[in-house]
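Input: structures, listed below.
Presented sequentially are two complexes of subunit A, the first with subunit B as partner and the second with subunit C.
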Partner chain A sequence: MTDDLTEIADEVIETDVLMIGGGVGGCCAVAKAKENGLDVTLIEKAHIDRSGSAGQGIDHYEGFFTRDGTTTIENVSNEDWRLGRYGVRYPNLNVKYRLYKCQFWVFEQLEKLGVPMRWDDGEPYWIPFPFVGWERRKTGLRVHWTNIKPILGRAVRRSGARILNRTMAIDLLTKDGKVVGATAVNIRTGEFIVIKAKATLIATGKLMRLYNPETPMPWKYKFRYHFCPASSAGDGYALVYRAGGDLVNMDINAWTFRIRDDLTCSYGSFSLNDGVPMKTYTWDGEEIINPNATRYKQLEDEGKTPIYFGFDHFSEDSHKRLEVAFADERMLSFKVAEDRGFNPKTHRYELQDLSPTGFYRVSGIYIDENFRVLRGNKPIEGLYAFGDGSAGGTSGVAGAATGGLLLAEDLPEILQDMDEPEIDISQVEEQKQIALAPLAVEEGVEPLELESAIRDICERYVGMFKSEGKLREGLRRLGSLKDWLGKLSAETPHHITGYLECRNLLDLAEVHIKACIERKETRGNYFRSDYPDIDPDMDGKFFSQRIENGKEIIELREPIPLKPEYLKDAEEEKAELQTADAAS
Partner chain B sequence: MSDKPEKTSDKHYEDKFEFPLWKLIQDRAEEKGISYAKAAPAVVAEYSKTIKYRDPEFEDKVIMARAEELNELGKKEEKLGIKFKDKKSK
Partner chain C sequence: MYIKIDLATCDGCKICYNVCPQDVFTWNEETKKPKVSYEEECWFCGICWMDCPERGIDITYPVSIS
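Up next is the complex of A and B:
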């Protein structure tokens, strides 16, 4: 075996910062890190101008506790309580606190990057919040970000960062417990690339492709996920897991109604419709409260399904707002709706079923408030993560942008005394073989077939209502799918993407099912038919999973509480507000 | 007019229609020889002026009216014994 990396790799890059993922978060981090004088390399498996979940645009930015920037302990507690609908708490509330604390700084930073935070009249627009009784100050911004990705792409190019589009990470490189970079493949040319980095940052989006898309028609060979399917393969989760980092709450995922007709009407600003929720109807026209999973089951038993969303109660003003939301976040919806005759003024959108969807917010890569990836409770040197793939509050465009900007601001000090990374060449050899293997397979299986089989297992044997027998059968069947990875073929380097995504999804499906087997209770959105009650011993706790010395570890952990200095800060702020209120 | 709610199957068949905003975006894109994505910002900015975004009194009225409807609907379901709350941690 050679000692010379240049004999194995088509390109060897040495850099201060390797950014894996060129979505909103990644682009913000890169631009800021370059501004701070660092050498930065960005790899993105698509193209930064339209990659990631913001690729078609974004209509809302949910970064604020309040419109005036206050961050009292009640705000933080309310946020934590709000996550109770997932049944669990954030693994580390300090992440969320730090993010919310600096939102107005982020506002300024995004404006500096050319992102329009204000409307044409020079003012931002705060989304009115629905429902009587809610804290009306809690809100986000309504934004017209059809072109946020080209804007950030321009900012990244102007920064002078090294940008490798159409380049997909294979695995992280590790040495003596540290992360020292990654290997990657150019999916146009097939070139194998080694990147040595003092700091490796991961922001590759959320995991959704363990389950079928939110709009499953026409079926599973089409990727009709609301968010970018390429950035929903959970790549970053798998990279971290294989490198020994923790994934948390991989039993807990969000759920949603699958919408048969138009995939976009239940997301973002649409679902809030600037404070005016949609109506939900049974098939015979009766209006009902939007059901949870248990109520939906009852409606099925009563013969009241299908159920539908409707906007026919909207005023002309609200219908125009819906159009603007389409333009901002998913212009394709105009064409889909017009081609199919889904007129929001008259149409009833069938809600097909309640199904598990993405792993984000409380689930994903375990990080601390400095965005360091954790192994147990200890940070892994050289590895950082933020954005949708990280558990604990950096989800959504606001979380991703804030995480990227804050981390990049800290990086110069972090990297100051860091040693030059050393590479284990045997890892490089191994990773190259893994990535390029499908190019040599003749008459093999298409990656999408294997991915469909993985998703079928999660749909059938995990799903919404789990039980021991189903989970164990799912795990067994997943095990027999692993042999198929070696039978996948890639006609061109482009198809290596699908192969590597399958590899990631196989690992993550196993993590998911094993976590579900461990949680023997029903709580929030997590349902075990064989354990229908809450287990009070599980209150507030979460599962973390990692690989240690070749062995899979699954641990039940307590969340990390707010740091004393944050608690003190929040309480002091509350006292100041009370004083100000009393004075006025 | 019947008091009974309308069955979904009786109406709402797909029909031809146009979104006014989409038409405006397409027209501008064609006029300027640019993409829809490039045409959208200017068109959206103008279209937004016809919407009462900066009228908080109007917005609050609309929101509260809908919130009141939902409150009433919630009470009606409670009277029928429909009360499914997700099991939550303390």
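Up next is the complex of A and C:
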């Protein structure tokens, strides 16, 4: 075996910072890290100008607890409490506190990058807070961000960072327990790339693709997710898991209505971002409260379905605001509505039953408030994560942008005393073989067919209402699917993407099912038909999973509490507010 | 058939080929025009339709979702 990397790889890059993922978070991190004088390499499996879940636009930035920047302990606790009612806890509240604390600094940084943070009148447009009947304890901004990605793409190019578009990470490289970079493949040319890095940052988005899209497509189009499927494959989760990092809350996934009428009113929240709630109706016009999974079943049994979202009660002004939201986030919806003769002033959007969707917000990569990826409670040297794929922050662009900017601000000091990374060349050889193997398989299986089988197992044997027998059968069948990975073929390098995604999804489906087997209770929106009651021993706890010395570890853990200095800061802030209130 | 490029209108700028998040297009070096090669991987985001400077791409939702 050679010890010369250039004999194995088509390109070898040495860099201070490797950013895996060029969505909003990755682009912000790269621009800031370059501003701070670091050598930065960004790899993105699509193209930074339109990649990620904000690729086609987004209408809101949800990163503030209050409009004056205060972050009292009640706000952080309320957020945790609100989610606690639904069965989940933030694994580390310090992440959330840090993300929300610096929002006005983030506002300035985004404006410096050219991102429009203000409304047409030149002022911030605050999302109305709180809503009547809607339990939000925070606020955010309505924004015109149809073109946020081209704007950030331009900022990244101007920064002088090394950008590798159409380049997908295969695996992280590790040495003596540290992460020292990654291997990657160009999914158009098939070039194999090795990147040595002092710090590897991961912001590859959510995990949604263990389940079918929110918009069901019964034939061959299987990617109509609400968020970009390329950045919903959980790539970062799998990279971290295989490198020995912790994934948390992988039993708890978000859920939503399947949106049958895919004109995408964004789960109904477009109008909420302008302060006007939609209404929900049965087929015969009875107004109802948004049902949970159990109530939807009852409605079905009562003959009250289909159910619909309606905007027909809106004022003319609210309808115009809704149009603006579509222009900001889902412009194609206008064309689709026109094709169908659909008018939200008179028609209603059909919803189907609630179904599991993705793993984010509280689920994903376990990080601390410095965005270090954790193994147990210890950080893995050289590895960082932020954004949707990390557990414990806010989801959406606020978490991604804030995490990226904060981390990039800290990096110069972090990297100061770091040794040059050393590569284990046997890992490189192995990862190259893995990535390029499907190019040599003739008459093999298409990756999408294997992915459909993985999703079918999660739909059929996990789903909303779980039980021991179904979960164990699902795990058994998933095991037999792993044999098919070696039979996937890639006629061109394009299909290497799907192959690597299947590899990731197989690992993550196993993590998900094993976590579900462990949670033997029903709590919030986590349903076990065979354990219909809350288990009080599980109160406030969450599962973490990792690979250690070749063995899978699953642990039930307590959340990391707020640090004393954050508590003190929050209490002082609260006292100042009380004094100000008393004086006024 | 659901993502249609009007090749007469297309000026070969490569924007759709460059930015598609799902890498649905390939590039024909002879004609210098894009081709929809992986339509089943399209997620119907509309980015190509939005970004084409010549308004040369039409997107219709598949019948299977009607």
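Everything that follows uses one rule, which is that the second predicted complex is superposed on the first by the 560 of 584 C-alpha atoms of A that agree within 3 Å, B and C clash if a C-alpha of one lies under 4 Å from a C-alpha of the other, contacts with A are read in each partner's own complex, and residues count from 1 in each chain.
What we mean here is this: contacts are C-beta pairs under 8 Å (C-beta built on N, C-alpha and C of every residue); 3 or more make two chains touch, one makes a residue touch a chain.
Not measured: the values here are computed from a predicted model.
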item	value
Touched partner set for A:Ala582, first subunit B, second subunit C, both or neither	neither
Contacts of A:Met331 with subunit B and subunit C, given as first, second, both or neither	both
Contacts of A:Arg89 with subunit B and subunit C, given as first, second, both or neither	first
A:Arg321 touches, of subunit B and subunit C: first, second, both or neither?	first
Touching partner for A:Val276 - first (subunit B), second (subunit C), both, neither	first
First, second, both or neither for A:Ala440, with subunit B first and subunit C second	neither
If touched residues of subunit A are counted for subunit B and for subunit C, the larger one	B
Residues of subunit A at both interfaces, subunit B in one complex, subunit C in the other	146, 331, 335, 340
Touching residues on subunit A, where the partner in the complex is subunit B	84-85, 87-89, 119-121, 125, 128, 130-132, 142, 144, 146-147, 150, 274-277, 281, 283-289, 291-295, 298, 306, 308, 313, 315, 317-318, 320-321, 323-324, 326-328, 331, 334-335, 337-338, 340-343, 345-348, 522-525, 533-534, 538-540
For the subunit C and subunit A complex, residues of the former touching the latter	2, 18-23, 26, 37-47, 49-51, 59-62, 64-66
Of subunit B, residues touching subunit A in the complex	4-9, 11-22, 25, 36-38, 40-41, 43-45, 47-48, 50-54, 56, 58-60, 62-64, 66-68, 70-71, 73-74, 77, 82, 84-90
Complex contacts: residues of subunit A adjacent to subunit C	46-47, 49-52, 55-56, 146, 165-166, 187-188, 215-225, 228-231, 262, 330-332, 335-336, 339-340, 448, 494, 497-498
